[in-house]
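Structures are listed in the sections that come next.
Each of the next two complexes has chain A plus one more chain, namely chain B in the first and chain C in the second.
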Partner chain A sequence: MRRKISLKPITLLLLLITFVSFGQEGHGNGEEKTDIKTEVKEYIQHHLQDSYDFSLTSYTNEAGEHKYVGFPLPVILWDNGLKVFSSSKFHHGEAVAEVAGNFYKIHHAKIYKVADAHGEIIEDAEHHATNEMPLDFSITKNVTMIMMVFLIMFFMFKRMASSYKKNGNMPKGTGRLLEPIVLYVRDEIAKPNIGEKHYKRYMSYLLTVFFFVWIVNLFGLTPIGMNVTNNIAVTFCLAIITYLITTFSGNKNYWKHIFWMPGVPWPMKIVLAPIELLGTFIKPFALMIRLYANITAGHIVMMSIIGMMFVFNNWIGSSLSFLLAFVLGVLELLVAALQAYIFTVLSALYFGMAVEEHDEAH
Partner chain B sequence: MEIPSIVGAGLIVIGAGIGIGRIGGSAMDAIARQPEATGKIQTAMLIAAALIEGIGFAALFAG
Partner chain C sequence: MEKLLNEFSIGLFFWQALIFLCLVFLLKKFAWKPILDSVNNREEGIKDALESAENAKREMQNLQADNQKLLKEARAEREAMLKDARDIKNKMVEDAKEDARTEAGKLIAQAQASIQSEKKAAIAELKNQVANLSIEIAEKVVREELSNKDKQIQLVESMLGEATLN
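Coming up: the complex of A and B.
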């Protein structure tokens, strides 16, 4: 009873705070507000893009110079021969880089070849740059991060494997931490979806993709500002691997169900065949879009709410958006694991479809 | 009058929301009826929700 009474004034206070903070927003200086809003918007867009240098933060010093904290990454281009240079030549996209008589410029986070040191980008009517683009194999921020996660995973599982040898099949340290997760992937994801007979072949891929997506997503929530899974190329590659494994492990029954569905009248078979064939492409496509969109949306919402702190610029609004950002951060932790889980489960489901054996016609 | 594409995206998101809501609600019912099958129901629920969610996100990006 007492608890109920004490809750009421708190609710009222919260309601009042909401009104007060909304009221204050209306009185703010209009011009300054749009400025910080566009700044936040640009910052979010910048964060969502891949970049050629690894900058953690940037600030403007007393002299008005824009300083970056971070380090440049190698740029590797194929443009009538291999060109390798440091991305510091671009000065964070502000300058034109000169390499062996060729000039390159970053335009909308992509490298274009330009004619001279002025770095003029020629645009067509739809504002697409028409400049020549060299083949780009650069070690960008995302690539660096993927390599880092690769190293982390390699040493993590190496330790896990060696801990079994040392202690007579009893895991220790890292192994003890990872064993339940590995067993979960095997017993709850692979076995029920693929089946006892075939699951072992797919375990290596399922475990790799699960841990890769999970670790990458978790790193995306740290302030180092990487986000690999919201690059659609990365999720595209993961989906392509799933598609290839599914296609190449498909047995007779799998193809029969696609092209000549048993148990339906023959006119329906002709209708079903293209739909089923299209379905095989839609499945990995959905995998790609789901992971990409979930992580991108999560990052946009998180950063918008953090950006709201600066838009409100008073203690009530800022603390409220801090609270919201914190709660969302916890939710994003869940989403990071959930998306890894969903990707693995659906991959396992597709592999299961491919190797399924039918004893009776149905 | 031309209707902006974001309106269509909004409609699809409403649909996806209703769909996921129904899945969640039904899963709750099922768990209440058979608490011992919680694990299996949750797995099926997550897969179904993820499939609908994919459509919702596709709509958002198209819109």
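Coming up: the complex of A and C.
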């Protein structure tokens, strides 16, 4: 009974997609379609990249001008001295910015120094720009988002903390919603993985990283969508903090298990030492890649399916794509929380390994 | 890998590290510590309250057991007192009866003694009166008899006859 019910719509869907694809082929105006496909692809690429201005959307007005809705952000460069200017000087990457006699141009979402106002980017054989890159500390769209999440988290949790004080150890308002999550992180993530004795030291980091990744992931799913966690720099930063905390809280037992594994013959100990040492780097590296890849892949698939609506451009295919995008959106909501959970659990697990005390051989 | 390295932005890393570490320390001071402390306090409070409730229950039970014991003791004491009272009553009654009996015996004895003495007195009196009466009668009879000579002789003779007969 169940199988029948679940198979029917899937078969129908497959049939419809085939039909729609054939129908599309039949139209024969391939050139226009390729254009849309390229446009979608570029749009996805652009979406995944950081940008120097906070643009929510863009459109082409009646006069044929490309208009952006949003606001510019400050660009901060270190190039023989500090250079601070508004990103409006770049005109959304279309113009060369001149600051104190130096010329800068955005090429593939990065700022390069160019020789003159023409802004020529010199590329080598592999299409890599060879222009000099100034040290870039700009407040980009992602940095703005991180700051926003900082403010949201700070005020949300500060309010929660003060509601405890006012109500005699009982939360109020948002705190009621957040307390079970805080307790979940404490009781289900920190305590079992780190142990009753040491878990308190790591609570601040675990709670912060959990809520930070979760909120940032959720914001990535909103239409204003800046997906902070699909930047390798962000996940690298989080992973390296986990690595540093693990390394600096490692006790004698932890290092002994790395450099002189107990319970194995001595030639094995020598073989195991470099592997175990490498393992300590691989663990946070995996953390970094997992978060980055999951969020990036989610966004690419999501946007591709949304893009399919415009590629199909008929009511059956587009509505099916919409349905699929909706289902995927729900799935991404789960992934947003799941990735935050996994990052926190694995961090807690590594801290737990570092402070483990018993001397049994494994 | 090359793409990843290419994508890596030092600026973003710098800002992320700075902001995130600030967030960790600020939240630690202003949020996590008070929140976790409050939750801890609350949990401790609940645990204490449960414990004290359990203690109170146990004390209550003890108290009830004590009460039962006291009640039992009181009942036993009442029982004993009643028994004592009954015994005392019986003894008193017995004593009273005994006293009464002896007293009655004494009274009877006295009464008998007085009756005896009264009787003796009465008999003595009677004897006296009878004697007096007989003397008087005898005197009267003798006087009558002696007033006439014939009769005197006759009497003497009868008397003499009687005396000889004796």
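Everything below uses one rule, namely that the second predicted complex is superposed on the first by the 333 of 362 C-alpha atoms of A that agree within 3 Å, B and C clash if a C-alpha of one lies under 4 Å from a C-alpha of the other, contacts with A are read in each partner's own complex, and residues count from 1 in each chain.
To be clear about the criterion, a residue touches a chain if its C-beta (ideal position, glycine included) is under 8 Å from a C-beta of that chain, and two chains touch if they have at least 3 such contacts.
On a predicted model such as this, the values are computed, not experimentally measured, just so you know.
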First (chain B), second (chain C), both or neither touched by A:345: first
Which partner reaches more residues of chain A (counting touched residues only), chain B or chain C: C
Touching partner for A:47 - first (chain B), second (chain C), both, neither: neither
First (chain B), second (chain C), both or neither touched by A:198: neither
Touching partner for A:147 - first (chain B), second (chain C), both, neither: second
Contacts of A:137 with chain B and chain C, given as first, second, both or neither: second
Touched partner set for A:233, first chain B, second chain C, both or neither: second
First (chain B), second (chain C), both or neither touched by A:91: neither
Intersection of the chain A residues that touch chain B with those that touch chain C: none
In the complex with chain C, residue positions of chain A that touch it: 50, 76, 110, 135-140, 142-143, 146-147, 150, 153-154, 157-158, 160-162, 164-165, 169-170, 175, 179, 182-183, 186, 200, 203-205, 207-208, 212, 231-234, 236-238, 241, 292
In the complex with chain A, residue positions of chain C that touch it: 4, 7-17, 19-28, 30-36, 38-39, 41-42, 45
Contacting residues of chain B [partner chain A, same complex]: 39, 43, 46-47, 50-51, 53-54, 57-58, 60-61
Footprint of chain B on chain A - complex, ascending: 188, 286, 289-290, 293-294, 297, 338, 341-342, 345-346, 349
